[in-house]
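The same chain A turns up in both complexes below, where it pairs with chain B and then with chain C.
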Partner chain A sequence: MHIADLKPLVPLSFGLFGSGTVVSIFWGHRSNNTFLSGVLFASCLTLLIGVLSSWPQGFVNGPYPIFLGGLVPFAQHADALSLFFLFILSLVGLSIALFSPSYLEHFKEHFHPGIYWFSLFVFVASMAQVFLCADAISFIIFWELMSLSSAALVITNRASHTAKKATIIYLGATRVSTTLMFCGFLWLHALTNSWSFADWSTMRGAGLLPLSIIFAGFCIKAGTWPFHLWLPYAHTEAPAPISALMSGVMVKVAIYGMIRLILMSNTASVSLALVAIALGAISAFWGILFTQVEGDIKRLLAYSTVENIGLIVLSIGLVLLGKSTNVVAISSIGLAGCLFHVLNHGLYKPLLFLSAGAVDWGAHSRDLAKLGGLQRLMPWTAASFFFGSLAICSLPPLNGFASKWLIYQGLFSLSVGSNSISDRTMAIALIALLSMIGAMSVASFTKVFGLCFLGTPRTPQASHAKEMPLAALISQHILIACCLVLTFGAGLIVDGFKPIAQGVLPKYDVPAMLPQPQLVVALAIPLILFYFVLIIRGRSNVKYFSTWECGYGKLPLRSFIDAASFTRPLASLFGLVIQYRTENQIQGRDRRHFPDTIDVKAHQVLWVEKFFYSPILNAFDALGKGLIKLQTGSIHIHLFYVFATLILLVLIGTQP
Partner chain B sequence: MSLSSFDLLLSAIAITAIMMLGTTNIGTNLRLYALHSLLIAAATAWLGQTRHEPALFLVAAIFALVKAGFVPWFLNSIIRQVGGHSDSGAFIPTALSMPVGIALLGANNVLAQRLPTVINGDGGNIGETFALSLITTGMLLMLTRNIAVNQVIGFLVIENGIYLFSQTQTQGMPMALEMGILLDLLVAVMIAGILLFRIKKNFEHIDISKLTELKD
Partner chain C sequence: MNNTSWLAYIALTAAIVVVPPLLIGFIRKTKARLQNRVGAPYHQPLLDLIKLLSKGELVSEHASWVLRGAAIANVSIALLLAVTSPWIPGMPRPFDVDIFLFIYLFALMRFFSVLSALDTASPFGGFAAGRDLTLAVLVEPAVMLCLTALAVVAQTANLSEIFSFTGKALSVQAGLWVMAGCGLYLSSLVELSRMPADDPTTHLELTMVHEAMILENSGPNLALTEYATALKLLVLMGVSGQCFLHAFAAVWQTSPSMQTACGAGAVLLAVAVTALIEATGVKLRWTKLPEFIAYAITFGLLCLVVALGVVK
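Moving on, here comes the complex of A and B:
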């Protein structure tokens, strides 16, 4: 049997998703989580095999007359780009299917399994179908299904007020995003008289404005600055598997849209490229800056997603710049960097979210101040979080390094290959910014790992933490294994992007070297030598102290180093942006030497929220309060409104 | 400008409507409404004569039966049961609302010139003015009265204006449609009657200026 014969597994996986949906509608409240996870696992596995067997030619199924009695053709068009994103989706789907059953015990009291599983199946299936749509109407239908079902999943914990607030903010963001996309789609339809993406891509020049509107819509969904607001809320409140799916795959759907509609069209403009680069750079910087001050693991990971999405959007900007100035090297490296970073982030971010979920499950807290010392209690989770941190900090030789290296290479080739002096300056400035971002991400993940897993437990909850069951650990190890494969096969992966690049660029040629295997060897030798030195010297000279006492002897738990200790120096360095303040209140009769209580509170002014979103929301509020005066309650006045409108319309509609 | 006798009939219709603005007694109002509807039925019959459409005679007959007969009788009987024979008026004094109605008749003449005339002949521009004036008079009646029965009458006057407009300015609507509208109107008036009973039962009055709780 030839591998290409397995192509029909993709539609079969949709059938499995559908059956999962039906089961969770009718028997969701009675069936157990393990069974439904099994269905999800089976469907994701089928999808994965189907995707691998159809790589890279793709397939076309349909069109089937489903919507509006056949008015809108519904079909599955898979090309290399769709298959690439489906591959990430199916891998993340596999791991969350393994992770979910034991994790959901955590939410047992406040969650309805029927609604959760129904939304999850709809979410995964619609996300998979979004990648397979070739026309705007079905794209927007499945996009909406994806957005709404994910909103339903964010509010899984129905008792929580913060979850409600998060859902409202997330829903608001998706509404604005869809509106912008729809405006752009309608405009493009008016220009080309077609809904098909293929027809849109042949347009030149005229399509720039609608494409910019669509780009703005995608930016909101992807969570770039200044639209990143919803990410920290939604990712924090959603259950860990959902955060993994949203952060790992759903925000990439917007990236997919950008590649499909903007990179694959003939409308390449320098201004759009510069906007993308600027937005990407600001989001990367902004996201990593806010990870410094966050004390909640999942919120921190959400800000880190903002950073990574920023890098991806920046590399999309590089591709656009290379396309519009006809420099093959820049656009090729940019595209390879973009796709590789999408792949990497789609694997290690779910890994980190799942590990964070395991910490939440085991220690019943996501607050770094209440954790600590989990390495001894949850060694496997600690190991996978450590691996994920290494990868996300792009430390060589892991896969994160490979993709960031490509983005650096793109900027290097821009700084030497471009003719305009402003482009060169920008490239050099961006290289400096990226290296700062890299250093800051190491700082923030050191903070998380140190406070969460090292030291001694700071609360009784943390000291009673326990490791998750085997399936949940395996789910994380699947992702680790994938990251390792990417690490060693980095060069092959970059070559493997060739079928995708064919649709985007006239010529795909990545001159950058990816010395992953050599790097592994080079880094492994000193480590092995160090290990042997330790063995030879024996353990005779090793002294034992209690952890993190810094020479002061045993510290009481309350005076331990916590998140704020890490935060202060960086926060004061970037005080203008972060606006992080601590207030000390010392009380007692003899305050100076023998205080009764010392109260330290840290608070933070969120800049974008305060100066960008609050005025808009307040304006709407004021408008609403003004308009409500029109509603007097008097029947006479209301009749008068009706008649006045009628007469006004007659006057407008008639010519003298 | 000289008026034909048909135009005079139309003007009489408008004048009876404006006279309704000048009374406070609801019983008088209903009698004026019956007269007004009767005149419209007559105008319909006239049009049937000039256009040689015998169907219009039937429409006129049923129109007179329903609007000049049943509806005033029905509303009058409701008034007798619910109470409230006279209406003090809202916003502007009753005495002033009649001159306002006359001024609006002039304004409607301006509006009528802006509207395209569909057919020339009977009615025409001046007929348009009178038909529109019925609509504005009905609006004024609804806006300046307190007792809920007057809102029903105002609505009926507006409806008559629309009917007159369609008869004089177009070739008339199909017979089935006319009958359907009359039936709808009958049902609307009966529902309004039931609602008046309910309002009276719940609030002990039918003064709409006191019903101001429809707001946040």
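Moving on, here comes the complex of A and C:
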């Protein structure tokens, strides 16, 4: 049997998703989570094998006229780009299927398994189908299914008020995003008289404005600044597997849309490129800045998603810039960096979210101030979080560095290859900014790992933390293994993007990657050597004693540094931007030497929320209060409104 | 591989093992002489390292594998940096690093040293780690700006090609080299926790950075940590010294062996200046440090302006 014969596994996996949906509707409340997660695992595995066997030619299934009421012929079109994103989805799907059953015990009676699994199956299947749509109508239908099912998943914990608030905010963001996209789609349809993406990609010039509107819609879904607001709410409140899926794959659906509709079209404009670069750079900086002062692990990871999406959008901007100025080198390096970063972030961010979920499950808290010392109690989770932190800080020699390096190379080739001095200045400034962002991500992830897993437990509940069951640990280590494969095969991966690049660029030309494997070996040899030297000598000569406490005797638990004090120097440095302040309240008779209580509170004003969204929401409120006067409750007045509207519409309709 | 390159590798290995502790000894001796003291002999740090390696270890009961792992990892990274980065001209290299890898290897070292500071639940380590990360956020863009400006003029991001006395465009940019050298040197002082930024001779002051971070290390672990720091000193002083060396047109024209000799001199000179600053200056207040680093960033920006002007 030839490997390509396995292509039908992709539609088969949709059948499995469908059966999972049906099972969870009818028997969801009774069947146990293990069975349904088994179905999810099987369908994701089928999808993965199908995707791998179809790479890179793709396939076309359909069209099936019975769907969608004959509005457009519904079909599954897979090309290299769709397969690439499906690959990430199926891997993340596999690991969350393993993770979910034991994690869900956490919610006990506060959640309805039927709704959870139904929404999850719909979510994964619609996300997979979004990648396979070749026309706007089916794209937007499955996009909507994806958004709504994920909103239903965010509110899994029905007892939580914050989850309800998060869902409202998330739903608001998706509504605006869909509206913008649909406006753009209708406009493009009016211009080309077609719903097919292939027809849209051939048009020039005129498509720029509708494409910009669509780009704005995608930006909201991707969570770039200033539309990042929903991410910290939704990712924090959703169950960990859902956050992993949302952050690892769902925000990338918007990136997929940008590549499919904007990069693959003939409409390339410098101004759109500059907007993308600016939005990307600001998101990256803003996201990582907010991780500094965040004490909730999942919220911190959500802000870090903002940062990474920023880097991806920035590299999309580089591709656009290269395309519009006809510099192949810049656009191909930008594209390679973009795709590689999507792949990397699609693997290590779910890994981190799952580990954070494991911490939440084991120690019943996500607050860094209540954790600490978990390394002893949860060694495997600690190991996976450690690995994820190394990767997400894009430290060499791991895969995160390879993609960051490509983005740096793209900017560097812009700074030496561009004709315009403003582009070159921008490129060098961005390189400096990126290095600052890199240093800040080291700061935030050492904070999380150090304060959560190292040192001593700060609360009794953290000192009774327990490790998750084996399946949940395996799910994290699957992702680690994938990251390691990407680390060693970085060069091969970048070459492997060629089939995708063919649809986007006339020529794909990427410089040789860094010698990743040699780097690993060069670091590993002395590491192992020194390790054994230390083991052979001196191990017997080790004494264990308490940490140095200046001779005061045993230190209280709270003397171990906590998140607020750890980030205080950095927070005060950027105090103007993040509006972060700590206030000390010391009370007692002799306040100076023997205070009764010391209370430290941190305040933060979220600028975007306060000065951008609040005024808009207040304006809507005020408008609603004004408009309510129109609603008198009298049928006569309402009939008059109907009549007046009719007259108005007739007048508008008869205008030439 | 022919005989000369074997010899060069052996010389390099010997230099990497012996020179870093000697540089520390050189700083201490110079400082002592400037303060009218006799001072310990130059090779004292080397002896200290050997002594520490043979001693027992006192480890905090809260410590995990991170404390020991970080020390080992940091030495490995520092060795990689010393073997691959161009701190002296004419050095043989197993493979080249580019400016991005160079800076990220330092970030990797910081990742491990911060974690080892947090590992023992020591309040000193925690506060110092927070400060160290803050300094890094400011220093990294400064270093990146200086190196990128050089790379843009050289049209390559490969660090060893930039510092190889070859590129035509770079040979006439004395001003750029001096400014990049100043920027890198000031950043190195902060990165190495030397005087205006941090006092390397005191331990328990509340505003210390580096010494408070390594407080819980002892015995062989401390030896590895100290050795990694010394290696970092060699690399950073070397690279910033090379920048100044490249500003002299005469050095570009001499023979490779002469360049190597001049390079060694440049490292020594950079270290001597550090000792001079340490003997005469005082440590800056913590809140003043961002202003000090601002000078490094300013040099970086000036480099950027020059680089943009040079490349048409």
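Observations
Everything that follows uses one rule, which is that the second predicted complex is superposed on the first by the 611 of 656 C-alpha atoms of A that agree within 3 Å, B and C clash if a C-alpha of one lies under 4 Å from a C-alpha of the other, contacts with A are read in each partner's own complex, and residues count from 1 in each chain.
FYI, contacts are C-beta pairs under 8 Å (C-beta built on N, C-alpha and C of every residue); 3 or more make two chains touch, one makes a residue touch a chain.
Note that the structure is a prediction, hence the values are computed from the model and not measured.
Applying the stated contact rule after C-alpha superposition, one finds that A:145 touches neither chain B nor chain C.
Here chain B and chain C are compared by how many residues of chain A each touches, and C touches more.
Contacts of A:564 after superposition: neither chain B nor chain C is touched.
In the superposed model, A:431 makes contact with chain C only, not with chain B. Looking at the shared chain after the overlay, A:456 reaches chain C, while chain B stays out of its contact range. Residue contacts after overlaying the shared chain place A:412 against chain C, while chain B stays out of touching range.
When both complexes are overlaid on chain A, the residue A:390 reaches chain C alone and has no touch with chain B. By the document's definition of touching, neither partner reaches A:520: not chain B, not chain C.
With both structures placed on the common chain, the touch criterion links A:274 to neither chain B nor chain C.
Against chain A, in their complex, chain B makes its touches with residues 90-91, 111, 113-116, 139, 142-143, 151, 208-209, 211-216. Chain A meets chain C in the complex at residues 372-373, 375-376, 389-390, 393-396, 401, 404-405, 408-409, 412, 415-416, 421, 424-425, 428-429, 431-433, 435-436, 438-440, 442-443, 445-446, 449-451, 454-456, 514-515, 518-519, 522-527, 530-531, 534, 537-538, 541-548, 550, 555, 559-561, 565-570, 573. Put simply, chain A touches chain B in their complex at residues 628, 631-636, 638-640, 643, 650-651, 654-656.
Put simply, chain C touches chain A in their complex at residues 55-62, 64, 66, 68, 72-73, 75-77, 79-80, 83, 94-95, 98, 100-101, 103-105, 107-108, 110-111, 114-115, 117-127, 129-131, 133-134, 136-141, 143-145, 148-149, 151-152, 155, 157, 204, 215-216, 219-221, 224, 286, 290, 300, 304, 307-308, 311.
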